Structure formats: C-alpha cells, structure tokens
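Several structures are given next for inspection.
Both complexes below contain chain A, partnered by chain B and then by chain C.
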Partner chain A sequence: MSVNLDAAPGAVHTSGAAPRGKARRGLSRAGALFVSPYVLFIVVVFAVPLVYTVWISFHRFYFTAPGTDIDSPWVGLSNYRDVFTDPVVGQAFLNILIFLVINVPLTVGLSLVLAAALNSKIRGRGFFRAAFYVPYVTASVALVAVWQFLFGSDGFVNHLLGSHAPDPSWLVNSHLAMPMIAVFVTWKQLGFFVMLYLASLQNVGKELYEASAMDGAGKVRQFFSVTVPGVRPATTLVVIYAIITGANLFSEPYLLTGGGGPDHASTSPVLLMYQKGIEQGHPDFAAALGVVLVAFVMVVSIAARKLTERGD
Partner chain B sequence: MSAATPRPTRRFARGSAVRYVLLSLGAVAFLFPFYYMIVGSLRGQTVGDLSAAVPSGLTGDNYAAVNSAISLGRSLLNSGIMTIGVLICTLVFGVLAGYALAQLRFRGKGAVFAALLLVQMIPFQLLTLPLYVLVVRDYGLGDNYLGMILPFAINSTAVFLFRQFFAQMPQSLFEAARIDGASELRILWRIALPMARPAVLTALLLTFIGPWNEFLWPFLVTKNADMQPLAVSLASFLSNLQGTVANPAGALLAGACVLALPAVVLFLLFQRHFTSTDIDSGVKG
Partner chain C sequence: MLRRTAYALLVLALAGTATACGRSAPDPATAAEARGPITVWLSNNAQEVQWGRAMVAAWNKAHPDQHVTAQQIPAGKTSEEAISASIIAGTTACLAFNTSPAAVPTFQKQNGLVPLSDFPDGEKYIAGRGGSLTDQYRSTDGKFYQLPWKSNPVMILYNKKLFAKAGLDPEHPKLATYKEFLETSRTLVHSGAAKAAIWPSPSSDFFQPWYDFYPAFAAQSGGKQLIEDGKPQFDSAAGRQVAAFWRTLYAEKLAPQEQYPGDSLNDGKAAMATVGPWAVAAYKDSVDIGVAPVPTADGGSGKHSFSDEKSAAMFSACENRATAWDVLKFASSAAQDGKFLEATGQMPMREDLTAKYPGYFAKNPMYKAFADQAERVVEVPNVPGSIDIWQTFRDEWTKSVVFGRESTDTGLRKASSDITGLLNEYGDPS
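After this line comes the complex of A and B, so read on.
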C-alpha cells in the first residue's frame, strides 16, 4: 500500500548537495557488487535455459553422458511439426482450457466472497485466516495423498454418496479427472487469493459503501456494485496467476490422477514434456512443446487481461 | 463494513450471522481433509469408509511403517538441507540485491529490476527440461544438494519484498552514516536490516514453502533414494511402494502428516507477522 514503485530511482541523492563524482562512483560500485550474485542467478537459471530450450527445439537433440559429443543437427521446424500433429498435445492444451474454465470462476468467486466476509472486525478472524491458508502452505504431495483417500473408489466421499457415487470413480473417470484437478488446485490455492483480495479490499473507499447505503443499496447490491469493481486490479492478478498455475500443472495430474488420467484425460503440457522429454528420450520434442506453451500462456494472459479490465 | 451507517441491531445481527456461516463452512472445507489425514494416520486399520473419520484404536504403527519403507529421517534431512540452502542464499544475496535496487545507484539498475519482474511471470516448470539437461548432464550435479538448490537459490519474490521494504526507508536515514564513512555493507547490516525484520520474516516464510514442498525438480535430479527429499520419497511411496506395508493408506497419510507439519507449524507461529499488507506490496508489482 505505502509502496511506490517509482520512488527509488532518481530519488537517491536528491536530498542535500549534488554528490561528488567520487562518492557517486563508490556508490555505483557497491550497488553493482550487491546485485551481481542475483544477476548471475537470473542468467544461469532463467536466461540460459530459456535460450537453450529454443535452441534445442530447432535441433535433433539426444541426451548424452557428460563429456560425450553427439551431433545435434539443425532440423528447422520439424520438432514443431511433430508437436502440432500429436493428438495428445492438443488434448493437453484442451485440458488446460478445461482447468481454467473451472478454476478461474471458482477461485475469483469463492475467494472474493470469503475475503469480503472476513473484511471486518469479527471474532475468530485469526482462526479463519489461518484455516484458509493452511492448504496453501502444505505440500501438494501430502494433500494429493489425502484426496486420493477421500475420492478413491472406496473412499469417504463415495461412501457418503452411496449409490449416487460416479462410476468409474472421480479420479479414474475420463470426464471427471480434469475437473477434479481444477477443484483440487482451487481448494489448495484459495487461501492465497483470499489474502490478496483482503489486501485489495483495504483500498476500496469506505465512503463508497456509505454513499451506496444512503441510496438504499442492500449488502448484496453493495457487493456487486462497490466491492467487485473496487477490487478489479486484484482480479486481473488472480486470473494471471491462475493461468500460470495451469501452465505449470504437473504433480496433480502425475500423482492425483495416476500419470494423466484415463486416455490422457488429465494430461497437462508440462506432464507431457516430462513423459516425452525424459521418460521417452525426446528432449527436442519437449523443448518445442515448451516454446509453444510459453506462446499459449502469453496469448491467454493478454486475452484474460483484456477481459478483466474491460469497462475501466 | 459495520461502519457504513448505523443500522438497526437486528439487521446487523443477521448480516453478521451470514458472515459467520460462510466463514465456518469455508473453514470446515479447508480443515476437514487435514483432520481426516491425522485421524487416518493414527488408525490401525485405515479404510475409506465413513468410520475413518472417527478416531478409534489409535496407534503409531503407520509412522513406523512409512519410516521403514522410505526412511523418514534421511528424507527429512534432505528436505532440510535443500530448504536451508535456499533460505541462506535468498537471505544473503536477496537482501543485498533488494537493498541495492532500493537505495543505491548503479548502471543497469532498471534492467535488473525489469528482469526481476519478468522472472516472476515465467512459469518455472517450462525451464525444467533445459535446466535438467544443463544441471544433470552438463554440470554433473544429479543426486547432489547443489543441483537440488540451484534453481531456487535466490527467491525473486523475496528479493522484490526486500526491495519494496528498503525503498520505504527514507534516504536521510542512511545519509548520516555515509557521511561518517560507513560502508554500504555496514549501513545495510546495522541500520537497514534491523528495521526490515517483518519483511525478512515474511520473505523467509514464503521462501520456505517453495523448496520444502517442491516435487518436480528434486524428482528429476535425484535418482538415489538416499538423496531424495520427503516430497519425492513420499510420491514414490504413493505410486509404487504401498504394497510393502500392512496398512498402506495409513502409512501414506502418516508420511503426509510428517511432510505437512513443518510448513504448517512455521506458518502458524509467524502468522502474526504475515499480514495482508506484505502480500499487497507484491500486488503492486
């Protein structure tokens, strides 16, 4: 809130006399020195792999033992052609869209309602906040173990539903596997988004509520005409986060639905990258798929931004 | 919102009842799986039916069973080394970078800050494959703590938090020390850092849950069971070792409890310091 992104550059040294050349040079050295390990980290962990993945995607590439040299001939768009003609790839991207269609509205709706309910001095506020946050801080692997147990064929939920239980059961049903993943991820991440909306609600002016109450608006009306537009920047951020989460899906399809569900019903692009690249030894295919995934993320993000910011 | 307008008490009471019902329903949905996990991990016979939610015939056998199947101590040690390595790197190098980005002037500062924001937008899993090729094949760091730590070494979100926090501190605070000839390192250590304790706690908590909970990367770089962190050994138990114990579901839930406990306890301990405003400073990015 009190953060101002533009304050720092230039603000340095504006107090007092103009800096002497020597002092400024000394400062520069400390700054560059302090930031250099982080720059090195960004280069090694982000820039080099990013360039490398593009390079691999245009070559025939094999895994080799360290030290052995095998040619990686240039193959142009051949890997990309393989990616675009593979039906499982199409399925994986479709799965991500299914994920987003379920995850985004659920996340936005539930976290906003819970944040609005939490946004006042009520008893047990700390308890509720903690309760919502606990799944977010817990490892996916641990939570997947519980969900398998809850939603297994002979699990708690099916015993509760009796004859209404789906057949085949939740996690092995080709229609339900991906929706289950979307619900699982919504549940796991919701606490983070509740906090995000809580912070954003602080910025919605009290006077707007007062004015609308004066005009006779009820709580529900206030929620839709004051709260929802008031937190729109946070909503944009929630949607972008959801898209990034969707693009990153791996452990849930791999563990929750046993390696991508029946008939690839819950295969994700990253899971496919792992299976093709590492299990089956086609890292060039996986690299091309990664590049396509980045493009996909960018297109969907821009489209989502346009949608959520409409009307501003 | 109770501050909006004075309302008749009855209306207010109803509004607040709706609020409590909503929040309580939410809390049950969030906490029930955890309750189920704990009870299931303590039952002698862990089956999926409704009785599994009732604690009865409690025993610690499941913990012993999962310990014998995946050696919990060793896995916890590996998780701990990986996480502490990341925490140290983030704390040392992240604070330095955050301070420099907030309070110092140097060439390329704008570019570094832009890179910091960009890095947070790149889905990390996309880099997993080339990183795997580089780290395991080219650098030979498979089954090595350094290789496990490397991709997470400096948490960019934490750097951003540090930077935001240091940027709020007035320049004049540091000027006097500079005139007295204190080095930037000394100013950072003696003046800036002590004031940044809340940011440091938040950043440490955020940084902790990343490597502690991470599955894909350590799963790729560790083939040797002795090097696997708990999330990876538990996942391999989940997918192919369950047959080795008498009560597989109970043992699995026991392992899940052990994996969940440190992050949950840390979060509950530091919850007070972990306020929504800290996250909001990230929102503004």
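After this line comes the complex of A and C, so read on.
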C-alpha cells in the first residue's frame, strides 16, 4: 500500500498500485533530506575514524603537533603481531571473556525474571521499576564509591564477614577482581535491560497464558513455556547489547581497581587501548588492538545470536 | 538523487577531515622573534596558582603590550596527558609550569617543544640558574627542551600524633634503616594507631614507582638513575635490597595492596607517606607533620632521593616566543624564585638554596631538610621511550613486590631484560 502525496489537498487516497515515477522521486528527495544529517553524522563520527583507524593499524604512526612532517611507513601486520604477542593483551581478552561469561547470563536471567515480576500486578510496582533503573542513570563514579564502600578491604562486607573475608580483598584479589566488576556492571545496567524486557512482554499475548493455565501449567511452567519464547527477539537484543557494552568495558576497571590492577587481573582491551595509545604514545598498537576488538565483538555477537535464535 | 546526496556527504566528510588534518603551526623563525600576548599554564596546586597569578600580574604591569594570561592546565588524569592532547590539537599554551621530565622525550617526538637552547642566551641562562643539577635535563641531542624549574625532593613525612599514639617517640622516630623502619611500621599497625604504616598507591600507573621504589633506590644506590649509559641499573644489589624491603611491607600488610580513595596521611589512615615539601603546606592545618630521610639498609647519612622535579617548557604552538622566553626568565628569576618558595614551600632548582634564601629557612626550619635533600636528588632518565620503560618496570613491580606472584629477584631481572629490549628498540637518536 502507498500514499499518493502528489494528489490535491484533501484528496489523498491510497491504492494498491505502485506510485508514479515523479512521486517516487519526490519521496526519495524528502527521504534523503531527512536522513542526510544522520548519514553525515555516521560518516564523520564513525566511518571516517574507522577507516583511519584501520589505516593507522598498518603503519608506524604516532600523533604529532600540527604542521609536523612525519613519515608513517607501511609496516604490514607488524602492529598486529605486537598485539598478538603482548601477554597483557591476551590477559585483557581473557578478562573480557570471564566478564562476559558472568555478566551476560546474569543480565539475561535477572532482567527477565525481574521484568516478569514487575509486569505482574504487585504492590509498589512503580517504585520497584524506578529503583532498578536508578543505577543505570547514575554516574559510574558515584556508583564506584558505593561499591568501594561495600567491597573495599575496609568495607562494609568485610566487616560483616570478619575473618572469613577474602585475603587479598575483593577488588585486589586477582581471582575475584574481574567477577566483582562483572557483578557490578550487571547491577548497574540491570534497569535498562529490565525496561527492554518489559516492553517486549507487552507483546506476549494474554491468551497464551490463559490457554496454558487451562492446560494446567503453573507460574514456573508458564514462564519457561510462554514468557521465555515470547521474548526471544528481546533476548537476542539483550545478549548482543550486553556483549557489546561488556567488550567496551573501561570506566569500571579504571575506577574500581585502580586502572586494571591487581597485576592486570582486571585490564580490559579498551583500557589497554587507552594506556597504549594515550599514556604511552603508541596509537598504531592501540589501533590494531581496536580492530582486533571489533572483530572479536562481531564473532562473539554472531555466535550469541545463533545461539539465542536457535529453534526459531 | 541518492547517489548525488551520498557523494555530497562524502565530500563534506572528507573536507572536514582534511581541514582537521591540515592544522598549521607557526613558522619557527618568525615566532622566535615575535612579541605579543601569550598564555601560560599552571598546575592546579592552590599555592602555585596563587604565586602564578601574582607573577603574571607583576609581568603585565611592566609589559602592557605583551599581556600574559595565566590558566590552570586543562583537566586530565595527569598533566602529561592534557599537555600531550593539546600538542596534537595545536592548542597548547606558550609555557607550562608543570612539565614532567619523564614526558619530555614524548613531547619532543611529537614536535611539541621549542628547544630553549636555540635562544641566543638559552644555554647560558639555564645552566647558570641550575648549576651542576641541570645536566641531567639535557635531551639526547644535547639541547635543553625544558627549564628545570623546581624540585620536590621526596622524603618520609610522618604523623607525629599517630607515632605518639603507638608509643613511639615522635621527635626521634626510628626510620633510618630498613630494620628500624619495619619495626616502627609493625608497632604502628599492630598497636592499632594506624591502619597502614605507609600507603603509596599500589596501582599500575607508570609514574607510581617515583613514590615507592625510586626514592629508595636513589638512596640505596648512592644516587643512580634507573638507566645510565643506556643500561638499566636496578637489577643490582641495591635494587634487590629495595625490592625486598618493600615486599616485606606488603607481605606483612604494613602497606595495603589496595588503592586508598583519597589522601591516607591526611585522613589518618596511614602514619607515613613518601612526598615532597608541597605536602607540608597541604597538611599544616590537619596533621602534625615530621620529616625524615628515605631509609636505606645501613641508614648512612648523605643519602639521595627522587627529585619529583617539574620543568617549565615552551610549546611549538606558541606564536610569540620572544615574549614567552622573557616571561620564562622573569618567572624563574632569583626574585620570583624567592616568592615561589615563600608561597609554596617547593624548592626552586638552584644550588645552595639555604644560603640564597636564609630568611625563609630561618622562619621555616622544617623546609630546611628538603632544601638539604634538594642538593642530592636523582631525576628520571631523559631517554626515548621513557614512559614505556617506567610502565614496564611498574608492571613487574606490582606483580613481584606488591602482590608477590613471583620473586622480587625474578621481577627485577625480567624488568631489566624487557627494558633493555625497549632501549634497543627506541635506539639512540643522537
């Protein structure tokens, strides 16, 4: 069905026929005009820097003052070889894998359960919906202070645990630092994912719940047989979004564990890009690492999508 | 139509990028002779800002045609990052009175610095002001790209109240030898007087060795730099003694492995800190401070320490360099140095400070210890790849000393080997 915009005012009509060429051109112009600011934004802010990043990753490159005539020779895969042979890079990707293994299932499970609960008629539903969303809209720096108050070596949790507290403490324990960050990020972002699931739950037909109830299904069975399949597209979105944001982890290890400590146990690839590119003046290494990270995120996201959409 | 729109967008984007890439710099020959308004950057230390504003006001009163504007260095994790970013963007001020010598090789490589030796009286002025201390600030091409401006010789500051609480003599603390320092630390922590004896940041930042390892190494080695004659110096008896000493502090929980989110000495959480004289002014209203030299294995006198020096540098974005050079000389003159010392308690990079400013040290005896220490300071080595080198050292230090995941001897050996590799990789550009 199409809308004929060329017709006289008040005579807009619909028809099943394809629009005439002039009308189609008019639509094309209007459409191009409307999307052009966004296309321009995408080209300038994403496409050009991405192409430039790939270019840098194949050259010996460093940032210089304006007007400096420097040679940036082609070095082929040299920067990539440096990336793949740097043990800290390996550690950073391992850290991200640990993060994703904890964060993604926890995010999906908790946000779906909470969304299902908040979708039902419970007392104080509005309050709980807002309460879960507050950490998401609060600055990371403020939340880090809360987390340090709780899990610092002299923090509230260790006071409760007494002699059972881990030694070294949570955030400086090389086995616990990354899981702590994963849990922190899960908590921080939960509200956003709950909101996604809440929106998706509105599309699950009530008749399905009624039919399953008539067939004798309890609440748990309804959850697994009606709710989970009903929000599968949202689950795909949540999983991919959680992977992308997780792979871009920066501020949490930067703020929570003092810049990737203890002993790089919480260093993330993006944090490493910052350290190498900005602090140590190796933008070529950082660019190659960035390209590898993009490839890593794409592979993991595609695999996750295949997994979540299996059976559709 | 769509194709034309796409082409137009692409041209716009490329034009924007080309404009951004086509930044221009002032012509060096013209700029060297040019006079006019300039901007200077100051650190965000309150006392330094106070001195800087007064210095600039004095200059402006005498030179209304060459107006100077003073600002604090733009916010960043470190001043070095903020300066580096502004060099790339071409937005640096003409002068920055807070340039870390460790960052100078990087700024040089970025073509961000003006060689001060190229001014007709540059060499004479810099060497004349700083005396024998200045040579360690020369770059590998033999020129000065920084004016060694002020030092903050690192010493042990301690909280007298916490020492007294622990039953220790606050006027005569036993901190000279490693054995004494460890015993004092154990008493402080085990008595409950303080959570930590000393609490340097255990984080992986490249500059943190300057506040734990490097002062102790300078003292124990008799004044060696991290690298001398193109070779790392710390995989040595002195380096191993220092590493073992700090490892004991961490292993016995006398120094925490977790970063303190604030100022541990000011908050009474730590009884000691390794800091320079700037801290005396910062703590004077909150902590009763005592000063002691950095310990060594045998506690001998006449020990060295890390300078924690900051230089003043001129940046290549500066269009009025003749004015900038005159302002630099004005700001580092004997009269302004006296005012700087008075306002901040930090040590101008001049020899024999106590004789040059006797009135100040008579009025402020605590600073005399820092002035004496300022005669025996060790700077970070001025070598290409300096920040990489410090980061490599720090990574091994956190692994072996802070967290004990390998022996300290292994850590130092690996760091020395890796840094030798970096030195070979960067090469000697001279």
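Just so we're on the same page, the second predicted complex is superposed on the first by the 272 of 312 C-alpha atoms of A that agree within 3 Å, B and C clash if a C-alpha of one lies under 4 Å from a C-alpha of the other, contacts with A are read in each partner's own complex, and residues count from 1 in each chain.
Rule of thumb we're sticking to: a residue touches a chain if its C-beta (ideal position, glycine included) is under 8 Å from a C-beta of that chain, and two chains touch if they have at least 3 such contacts.
Computed from a predicted model, the values in this text were never measured in an experiment.
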*Of the two partner chains, chain B (first) and chain C (second), which one does A:D215 touch, if any: first, second, both, or neither?*
neither
*asked:* Applying the document's definition of touch, where does A:F63 land relative to chain B and chain C: first, second, both, or neither?
replied: both
*Return first, second, both or neither, reflecting whether A:E309 touches chain B, chain C, both chains, or no partner chain.*
neither
*asked:* On the A-aligned overlay, A:S169 touches which partner chain: chain B = first, chain C = second, or both, or neither?
replied: second
_Once chain A of both complexes is superposed, is A:Y133 in touch with chain B (first), chain C (second), both, or neither?_
first
*Touching A:L293 in the superposition: chain B (first), chain C (second), both, neither?*
first
*Thinking of the overlay built on chain A, is A:V39 touched by chain B (first), by chain C (second), by both, or by neither?*
both
*Is A:L150 contacted by the first partner chain B, the second partner chain C, both or neither?*
first
*Is A:A247 contacted by the first partner chain B, the second partner chain C, both or neither?*
first
_Tell me which touches more residues of chain A here: chain C or chain B._
B
*Could you pull out which residues of chain A sit against chain B in one structure and against chain C in the other?*
28-29, 32, 39, 44, 48, 52, 63-66, 145, 148, 152, 154, 258, 278
_Interface residues, chain A side, partner chain B - complex_ = 1-5, 7-9, 11-16, 23-24, 27-32, 34-35, 37-39, 41-42, 44-46, 48-50, 52-53, 56, 63-66, 110, 113-114, 117-122, 124, 126-150, 152, 154-156, 158-160, 187, 190-192, 195-196, 198-200, 202, 206, 209-210, 213-214, 219, 233-234, 237, 240, 244, 247-248, 250-251, 255, 258, 270, 273-274, 277-278, 283, 286-287, 290, 293-294, 297
*Provide the residue numbers of chain C that touch chain A in the complex, in ascending order.*
1-2, 5-6, 9-10, 12-14, 16-17, 23-25, 81, 84-85, 87-90, 106, 109-112, 195, 201-206, 256-259, 261, 315-317, 387-388, 391, 395, 398-399, 402-403, 405
*Under the touch definition given earlier, write down the residues of chain A that touch chain C in their complex.*
25, 28-29, 32, 36, 39-40, 43-44, 47-48, 52, 62-68, 70, 88, 145, 148, 152-154, 168-169, 171-172, 174, 258-264, 275, 278-282
*Residues of chain B touching chain A in the complex*: 1-5, 15-16, 18-20, 22-23, 26-27, 29-31, 33-34, 36-37, 40, 46-50, 52-53, 93-94, 96-97, 99-110, 112, 115-116, 119, 121-134, 137-138, 140, 150-151, 153-154, 159, 164, 167-168, 171-172, 175, 178, 183-185, 209, 212-213, 215-216, 220, 231, 234-235, 238-239, 249, 252-253, 255-257, 259-260, 263-264, 266-268, 271, 276-277, 279-281, 283-285
